[in-house]
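As structure tokens, here come the structures.
In what follows, chain A forms one complex with chain B and a second complex with chain C.
Presenting the complex of A and B:
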């Protein structure tokens, strides 16, 4: 550690060839990780786990757009997730739609509902907004049960099959369907990521961050706060609905008892996002991977050899270890790294590599004497800057 | 008339439970300005504590009393070890931590007690089929009356605490001006810990009542109730104790009336929508609630 501190970090100019090399390497690693499952001979349930990671990643990404970048807290995204899931399930089951055409409908429906929720949310901040969204999450499973002629009520909808089209060369076997669904989930994850990235790195994204950090100042600077807030809500809801659509296909059935459609699901999305890194683009995906690995690890824990027998006996037959660990991890993270795993990694990385942004107004190199600002385009997360406005401080 | 009275009686008891949890929310909010998302789950885990004690050694009432002490410790430790240190860094992180507590406590109870199915919980009040009073043709069960009385006793004790004791004075001082209170010699940290403990304790009464009515304890038993309680706290105006009691009772009655008179449109399934509408209506027309103090925000 002492060596690391005495070392001066390597400076790399943004847009220089070294920066491009780093970018290409990083991109290559991600592409390799994302595509390698196609070439490995995995079992159907292993593909299923990867699909789950992508679904959670997409849901958390959608939430990140809203919470991380725009500063609107939602504990109700399970409702949009469920709405997307039930749109796909109902259209397929009741109306015999081809699966691929249900996705755009789910997206549009969730967008519209998201905007509608966003309108009353305009007047709300902090805990009040979280209460309204909490109400949504609470209401959704009840609505599903109520309109049982459409949704199948508590019985749910079974046997949702999404067969790969013939051009893929995949058969209708369980493994091949899993591979196909993984491809679909990956495509949606990439689309969702690109949408969020392009939004955030554009003029709109700067408007969002301005709304998050100081709504009044943003309005004064000419940002149309109402439009930014409602449209962000809509896009976020739409992406979350898309994640739900994939999830219901992965489950092959829709059931109102599924935890992801309840308030606990909304909380899990939020926790995944925060653990990965609020207001960081890769954070939600990292969070989803961590969530899944923790889940897997704790489930196997009572069978591990290196654990003393007393600990094994203690853990045997106890439910929910994963969630307990995950919640403890979250609270611990709020102490040591409120900016999440990605934020933490960035902080460590800055000790070694310093990315010097291009000064505005063209010109490649670094200006003499200018203090470099080694940051991403989007600065500090809301964890470091914004307070809940309900505090009512000056 | 008989139907009306029946819905009123049933509504008053569920309203009393909302009010108990809402009281806890208000006590915390007055102290630190936080919405304690874990309020319901703290009550749930206290109910598990009471169940565990009663299934081993203790008579049920005594077990609930011990669970209140447990809840007090849980609440004050939460404030001291988690909420305050995180709050010094960022308010957003406090919200996240409280949501994490909700998730964690919800999972912890089944984990700690190794239960996967609802476990039978004894009754705090006479619960035989014949235990009811008949008023105007409607039946008012003794357990519903008991819950209402419990709420009134708790609210009365809280009133005495806040108005007549030195501790209550200190709590009111912190609520009205958190910066200046320490200057007057009030140990703010201790007051906040006590506030959180007290809130969890009041919630534990609610948890015990819910378990008693249901006849069992289950990790999901407080989720929907917590949601209605937040609506009640909001309707009452987040910083008013009397508001929490009145709004909690009103919300419980309203929910039951709506569910009872419109069984096809609303029914038992969509009872929760009443809370949503109440929340929206309060936010649109009277953001400070019925009894709350208006907040002025400086820019």
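Presenting the complex of A and C:
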């Protein structure tokens, strides 16, 4: 760190060729990470873990659009997640639909419900809005049980299988099924990412950020606050529903007791978003990787060979300690990296490379590419996004 | 905005890829779980043989040296972990005992337990890890209905035995569609039927009853069976109350409602910590309604040492079923099997004052698994994944900790439930022991109604 401070960061102009090289490298790394599982000889369970991570990543990405960029807190996204899951499950099981056609229906349904839920968001902000979404989260499992002829009620729906189609050349073996579902999850993650990225980097995105930072000012500047808020809610819900659709196929069953369809699921999505980096495009994906791996790591601690036997025995006798270690690590992370991991990485990165934004009037500087950019919207303080996303509410 | 065109193209391509997947995907996608059923069933010689024609080729490979057994249990994550912790100890102790005493001749047993926190979302990756990283040959004694259901489909597709699911869900008896999955506990529907039989005996002229159940598939199994049988038994169901699975507050309003109808019988199916909470509420309601003393039939899953200790005097007089010996009852203290069990548990390192009845559930799973493996190893096919499930489905055995006369029987696709011989008992809270009501009920052996 001392060396870093003594060095002057390299200044790179936005849109310059050096910037482009950086972008291409960043993009290449991400593409490599995403596609390498197809070429590595992974075991089926490792693909399964990657699917879980992508599902969480997509759900957190959807939430990030709403909370991070538009400043509307939702702790009811588990309901959209569940709605997407149950749409796929019900259409497959009750109506014999082919799996792939259930995805668009889940997306549309969640969008519509999301817009409807977004309507109260026009009048409510902050904690009041989160209470409305909290009710939604509580309501969803109860509704699933209520309409049991559609959802299977408490008994749920089983045997939801999405076998690889023949054109993929994949067989029905365990590994091939896992690879196929990974491909599906990855495709949806990429689509979700591109949708969110394009929204955020467009005029709409600036309107969203304006609504978040000062609703009154945004309205004065001509932003249609009502449309921005409700449509964002809808899109966010739709993406979360898509994540749910993949999740239900990964689980091969839908059951209202599953934690991801309850309020706990919504909180997991929020935690992932926050640890990854609120209002950062890559944040939720990084957050999902870290959340999943840290959770896995702490639960597996008693089996680690490198720990002394006494420590292992100590942990074995206190199984709940894993949860405590996990929680402590998360708290520690929030102290070290209050803007999330991506925010932290950007801060470190700025010591070495300083991106000089193009002066206004120089034309749109947003290109296709997935490299995180230090110039994108970053919340002013961590508290603002974590607790009080809308400052200038009515 | 012109720059977004290539991105649109990417989205379009991705969408087309999905559509292409749609068009050429065959209709395997939503076809039930008939992984390896087909013609299956009973082969020549009368003994059940699982159909392995759709299985991976290694299903008939001989297992040599070490048999790897995998399971998932809630080891951390709150109430469930505390309640089930002794089960893991019982299972581990049996495996140690079996290896020391060469219970499965020529084989060492290796047990791997993964923690799923009672959360089915975690069961899937845990089971996959055991399958792919540890290379387990079979799963046995996984705890929880949802947890077992979460992997039932994939394990049946992979043709990996999923033995002795620690749950009484009747769905474990679906040998036609899921030949690789079997259950360990008394099926909930049979348990309810046995209660109704006892009600018929106690109230030959009919009676009034209330049902209190947790709002889950587990609670629903009891309620549905009870409703179905109520008419024939002249039971008038005067009230039905439910509680959500995650609800940890005492069911005051539900019990108040039940008490206002003063039923002579209550069928109670709470979950975990809700059991003592419910019994305490009923005790309060009885105190407030002099003369009302309902006969309470409570799910056997509530009748654990831990839960009944929490209920205290409120648990007095409840009726449930058991198939095992009460190892904590002083009257069984000299039983050689109980002595052997306790010695083995202590050799493993279990505390002398530990919860032996609950650990017994793990011990029983271990013993049954070892017995199945032994039978499979001595079969003409030798020990293979297929011979393991064949042995489980051609099974007739008296577990060491079962009550006298209790047999665990399975027979091909006809009798697909192992634990169907039950003793109705009444709990005495002051002596913390059970008193038998009538004799062992074996009339439902092989007769449990399979799910449609």
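Going forward, the second predicted complex is superposed on the first by the 338 of 394 C-alpha atoms of A that agree within 3 Å, B and C clash if a C-alpha of one lies under 4 Å from a C-alpha of the other, contacts with A are read in each partner's own complex, and residues count from 1 in each chain.
Here, a residue touches a chain if its C-beta (ideal position, glycine included) is under 8 Å from a C-beta of that chain, and two chains touch if they have at least 3 such contacts.
Since we're looking at a predicted model, the values are computed, not measured.
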| item | value |
| --- | --- |
| Which superposed partner A:253 touches (first chain B, second chain C, both, neither) | second |
| Which of chain B and chain C A:120 touches, first, second, both or neither | first |
| Contacts of A:143 with chain B and chain C, given as first, second, both or neither | first |
| Which superposed partner A:323 touches (first chain B, second chain C, both, neither) | both |
| Contacts of A:221 with chain B and chain C, given as first, second, both or neither | neither |
| Touching partner for A:156 - first (chain B), second (chain C), both, neither | second |
| Which of chain B and chain C A:30 touches, first, second, both or neither | neither |
| Shared chain A surface residues [contacts with chain B and with chain C] | 142, 145, 262, 319-321, 323 |
| Residues on chain A engaged by chain C in the complex (per definition of touch) | 43-46, 48-49, 52, 92-93, 96-101, 103, 142, 145, 153-156, 158-163, 165-168, 172-174, 177, 184, 187, 190-191, 194-195, 197-198, 202-203, 250-253, 255, 257-260, 262, 296, 299, 319-323, 364, 366-368 |
| Chain C residues within the chain A interface of the complex | 1, 3-4, 6-7, 10-11, 14-15, 17-22, 24-33, 56, 75-78, 81, 85, 115, 117, 119-121, 124-125, 128-129, 131-133, 146, 149-150, 152-154, 157-158, 215-220, 244-246 |
| Residues of chain B that touch chain A when the two form their complex | 33-35, 82, 85-86, 89-97, 99-108, 110-111, 114, 116, 223-224, 227, 230-231, 234, 267, 269-270, 272-273, 275-276, 279-280, 283-284, 287, 295-299 |
| Contact set on chain A toward chain B in their complex | 73, 75, 120, 123-124, 126-128, 130-132, 134-136, 138-139, 142-143, 145-146, 216, 262-264, 267-268, 270-271, 274, 317-321, 323-324, 326-328, 330-331, 334-335, 338, 382-384, 386-392, 394 |
